[in-house]
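Dropping the structures in below, format is structure tokens.
One chain, chain A, appears in both complexes that follow, with chain B as partner in the first and chain C in the second.
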Partner chain A sequence: MTFQTGNVLEVENLSVYFGRLPGSLPVVREVSFTAVGGQTLAVVGESGSGKSVTGLALLSLLNRGLSKVTGSGNFYPGSGPPVDLLHLDTRKMRALRGDRVAMIFQEPMTSLNPSLTLGYQVGEALRIHRGASRRQARAEAIEMLERVGIPDAPRRADSYPHEISGGMRQRVMIASAMISRPTLLIADEPTTALDVTIQAQILDELKKLQEEMGMSMIFITHDLGVVAEIAHAVLVMYAGQVVEQGPVRRVLERPRHPYTRALLASVPRLDRPKTTLAAIAGRIPDPQQPIAGCRFHPRCPYCVRGLCDVREPELDDIDGIQSVRCVRWPELEAA
Partner chain B sequence: MLTFILRRLAFLVPMLLVVTFVIFALILLLPGDPVFAILGDAATPAQIAELRQKLHLDQPIIVQYLVWLKSVLTGDFGRSLRTSELVSDMLLTRIPVTVELSLLSLVVSCAVGIPAGVIAAVRRNQWPDLVFSTASLAGIAMPYFWTGILLMMLFSVHLRWLPPSGYIPLFQDPLMSLKLMIMPALTVGLPLSAVIMRQTRNSMVQVLSQDYIRTAEARGVSPMGVLFLHALRNALIPVVTVIGLQIGSLIGGSVVAETMFSLPGLGRMVIEGIFQRDFAPVQAAMLIIVIGVLLANLLTDLSYAVLDKRVKI
Partner chain C sequence: MTSIVQETSARRRPISQLGLAARRFRQHTLGKIGLAIMLVAIAGAVMAPLVAPYNPEAIDYASILSPPSSTYLLGTDEIGRDLLSRLLYGGQVSLAIVAGAISIALVAGSVIGLTAGVLGGRIDDVIMRVMDGLLAFPMLIFALAIVAVLGPNLANAMIAIGVVNTPEFARLVRGQTLSIREQEFVQAATALGASVPRIMFKHIWPSLAGNVVVYAALRACSALITESSLAFLGLGVSPPTPTWGQMLSTALQYPEAWWIGVFPGLAIFFTALSFNFVGDGIRDAMDAKINT
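Up next is the complex of A and B:
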């Protein structure tokens, strides 16, 4: 296995538009980030902030007729030259999917095919990309099912999705994504639909596999609470934009953006009584709705009229490792 | 699985009894008296009374039914009043005709309906979808005899490719037999294919928007693999139900097609018998048709269980 340590994916100015109407506003706006080998980048934000669209765009899984994707996404597949995921022809993209780049989804109940055995679905990537025989694929699928903690794996390989629980299905999803030992895994809220105990187990499993395989992971979540456990770096998204990014310790310990602070404050913690749980007032805007100035200003407690609602803030580099999109961050920091 | 089949088969028996009794009674209630049909107008009252007694026509319907049932259970279906032929011999020559026609019609309807439905779903709201959907509306609206006449005009009169009617057993001259069966099978199969196409299209559209299709794409499955391995399996489940529901019209269509194309099948046996007040063949043919429909329904349920893994039997 190739243990990649350098950059695995360099995304620059990724924007996604829906609708062919001229002048339609992007749902994802000039998002840039880097995913590093052996590390996890958490993409955090409320529901509707464009996290899934970002992940799907990277694998060209958005309906091409209905969407437009711009920007670049240089991917280093381990061997061979880098390829731009956002400008890749269909065949080459298909060859990468499920092989070098894998993706798992939020809904374990509906993301597995009800008519195919678990063993087939887990081994399918090997049959497609490695030309594995039915028996080889099945044998490796069973091994992978064991690794993700499925009891009685040989029997389970012949089961169908409806015969196992949601937590088990998500393990199967993970097994099916990891079987090809991808260079990059995009995990779109893989634990959101599960209860807390199962969630913790699945996170551990993912982390363990990532370390064993040295893979890079983009972990999409709306829950800043799980970020500390799994991520090395964080990207906070709001209404289609990156509003803050940096190493996980820094962002969690010294959040600079009012939105990140609000998100952190809304994470339930043992050392804080539940009553002070601060939810963010207001709702996330429709990404296609034009907003003058800072996109967070209608909800921001620090908003200053005449400043925040006039000019759109840039993503400011603070110290080379953390950046923030807020015109007032230096004064808020001082206060 | 086996217990399911046995249970269903056991359940068939009371159902058969009820259905055959209703058919039996309806046939006897038809206007026209077989005695007159046999003896003609010049018969004396004594002759009439004697024949009535011989045919048990003087007994209540339930008694006649039980008498009939008893002989059927011993394999005796009686004789045709017109030709004196043993009804069981008639059945032996006619069942294969209807079975061949029904199976070929089913093949036609699936071979046309399923691919058309898949194409319409993939190209939904584009021209192939519009063409197939319009054609299928026309196919559903058209009566069987109308389809049959159009086919005859096209293939027999105009192109002269196919003989207009007749029947040759499959094993006697397979090629000729199939040639003679093409038009009848199209007549029965095309309207059914229209129904299958619509159901395939709709369930395929629905399945293609499911999360697991996106999972397959994310795994690098080719478009054909997504369509046929991942989507069609699931999309066919409701299609099988629809086919099961259409078995009745398949039989109805066969009766029309057998009459139009002079095929000596069970359908024509029923029609001829009714017109000639020759009831023994009618009752026997109806019994076989009912058994066929019930077995076909059982088969539908079984294939449903094979396709839908969530159904445990």
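Up next is the complex of A and C:
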């Protein structure tokens, strides 16, 4: 088992273009972040902010013919030299997937193959990467199913996905991703499709496994409640860009970017008497529509004409741990 | 972990989807009738040496073209061979050719269709244009051409009928593959590091196997007719080995002896019909939406 404490993944200037046309604008633009061993990085944003695409790009799961990925993503697999995930040939990428880097998807109802048994699907990574026999894979799969809290695991191993509930399926998905003890787990909204009680259980399960195995986790979500629950650091994305990043407490307690503030204001809270929830007016821009200046300015309540719609803001480092992409953040802070 | 117990579904033995389908098939009347006819045809062919009253090639000059009687239940043909015995033995050849041909078409068509569907792009274009090209030939003419080149015998008849049926299977499998390929579980398998062949055969194939089997049953019907047509045209298995189609073609020369034609015709008709019924039965049994 590799118990890593240092950086597991260093992504720099990751951009994703859809469509091979020369004029196409990026869906994800120059995203940089670091994932640390034993910690969780939450990637937050609305639908269409490019957060899932970022996750898929890291594992080369985007259709190669329809997309172009640039930048670098140095991955430290525990032993051996780092590899650049964004420039890896198919064979090497296949060897990493499901072994050193695993992924969990949003929809537990459709992410499991309806015609294969749960035991087979959980043990599959071992058969692919470790050359495990059918029997070995099954034995370890049963053990893993028990660890993610599936009761009566030996019998469940022979069940099919249609026989179990959504929460159980997501546990099975987690088991199949974790069985090879990956260094990095990319979880793409793993709890979004589940109801709240099951959601909490799944988050606990993930946290427990992370502590036991010391893996790094990239947790993609739009749910700030979940972020507070599980993350160590947060990356807020808007229209394909990082607009704010920092440690979870800092970002949630002192959000600097107007978008992060708006997101937080739109979360229902019990400790604040309020009758209506704040919604963010408008919607996320079409990536192919060029926007002058700050990409959030059409929806921003603090937008200043002649400033925000002219100059594109940089990602400013505030104090070495938090950064924000807004030209007005010092003023807003003072106000 | 106590709360998880609530999530567990009712305690029962896990039932495979195949088990569920078998259960539903048992309630499909037409499917059962088809299966019964099919089993009779297969049993007759397999047990021909045991149940046939005469040697199918034994000639009785004393009773040429004799109508059905107690000696010869279905009558005799133009050189005095027992029609019932020839029908039973003929079933062996006809059914063997159908089974072989459909197996060839199923395996080749599935591999081709999966490859085209999963790889997509240029490879898909090339493969499917070739398949379309093959489909453009009238099936019987195409089979005739293959047999004419390879020579008429049992193996070649099998190959010819197999080849002409392959494009249809390839097209079916490719179409289904295209839609299954987009399912999340295929992406999940890719994320687990599964190779392309593994995704094709382990993850996509089981989802479409049922449809392919149904299609095979339906195609078996047309394969039987193609086989009979080939034999009828004298390009099947060479005499004296009997096949149903061959017997039918002989009958053409003796319109006064109705039994020579009617019985092989009925055998072809009922067997083909049984394949159709069984295919329908399997399709309906698998159609109920159990996979979510």
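Basically, the second predicted complex is superposed on the first by the 332 of 335 C-alpha atoms of A that agree within 3 Å, B and C clash if a C-alpha of one lies under 4 Å from a C-alpha of the other, contacts with A are read in each partner's own complex, and residues count from 1 in each chain.
Note that in this section a residue touches a chain if its C-beta (ideal position, glycine included) is under 8 Å from a C-beta of that chain, and two chains touch if they have at least 3 such contacts.
All of these numbers come straight from a predicted model, not from anything done at the bench.
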{"item": "Fit or clash - chain C, chain B, common chain A", "value": "clash"}
{"item": "Partner chain in contact with A:Q245 - chain B first, chain C second, else both or neither", "value": "neither"}
{"item": "First (chain B), second (chain C), both or neither touched by A:T260", "value": "neither"}
{"item": "Chain touching more of chain A, residue-wise (chain B, chain C)", "value": "C"}
{"item": "Contacts of A:G65 with chain B and chain C, given as first, second, both or neither", "value": "second"}
{"item": "Chain B versus chain C as contact partner of A:G149, first or second or both or neither", "value": "second"}
{"item": "Touched partner set for A:M168, first chain B, second chain C, both or neither", "value": "second"}
{"item": "First, second, both or neither for A:Q210, with chain B first and chain C second", "value": "neither"}
{"item": "Partner chain in contact with A:T197 - chain B first, chain C second, else both or neither", "value": "second"}
{"item": "Which of chain B and chain C A:S323 touches, first, second, both or neither", "value": "neither"}
{"item": "First, second, both or neither for A:D158, with chain B first and chain C second", "value": "second"}
{"item": "Where chain A meets both chain C and chain B, residue numbers", "value": "59, 61, 94-99, 102-103, 105, 107, 110-116, 124-125, 128-129, 160, 162, 173, 176-177"}
{"item": "Of all residues in chain A, those that touch chain C in their complex", "value": "59, 61, 65, 94-99, 102-103, 105, 107, 109-117, 124-125, 128-129, 149-152, 155-156, 158-165, 167-168, 173, 176-177, 197-198, 201"}
{"item": "Of all residues in chain B, those that touch chain A in their complex", "value": "210-212, 214-222, 225, 229-230, 233-234, 307-310"}
{"item": "Chain A residues touching chain B - in the complex, by the definition given at the top", "value": "59, 61, 94-99, 102-103, 105, 107, 110-116, 124-125, 128-129, 160, 162, 173, 176-177"}
{"item": "Complex contact set, residues of chain C against chain A", "value": "1, 3-5, 7-9, 14, 16-17, 121, 183-185, 187-195, 198, 202-203, 206-207, 209, 290-292"}
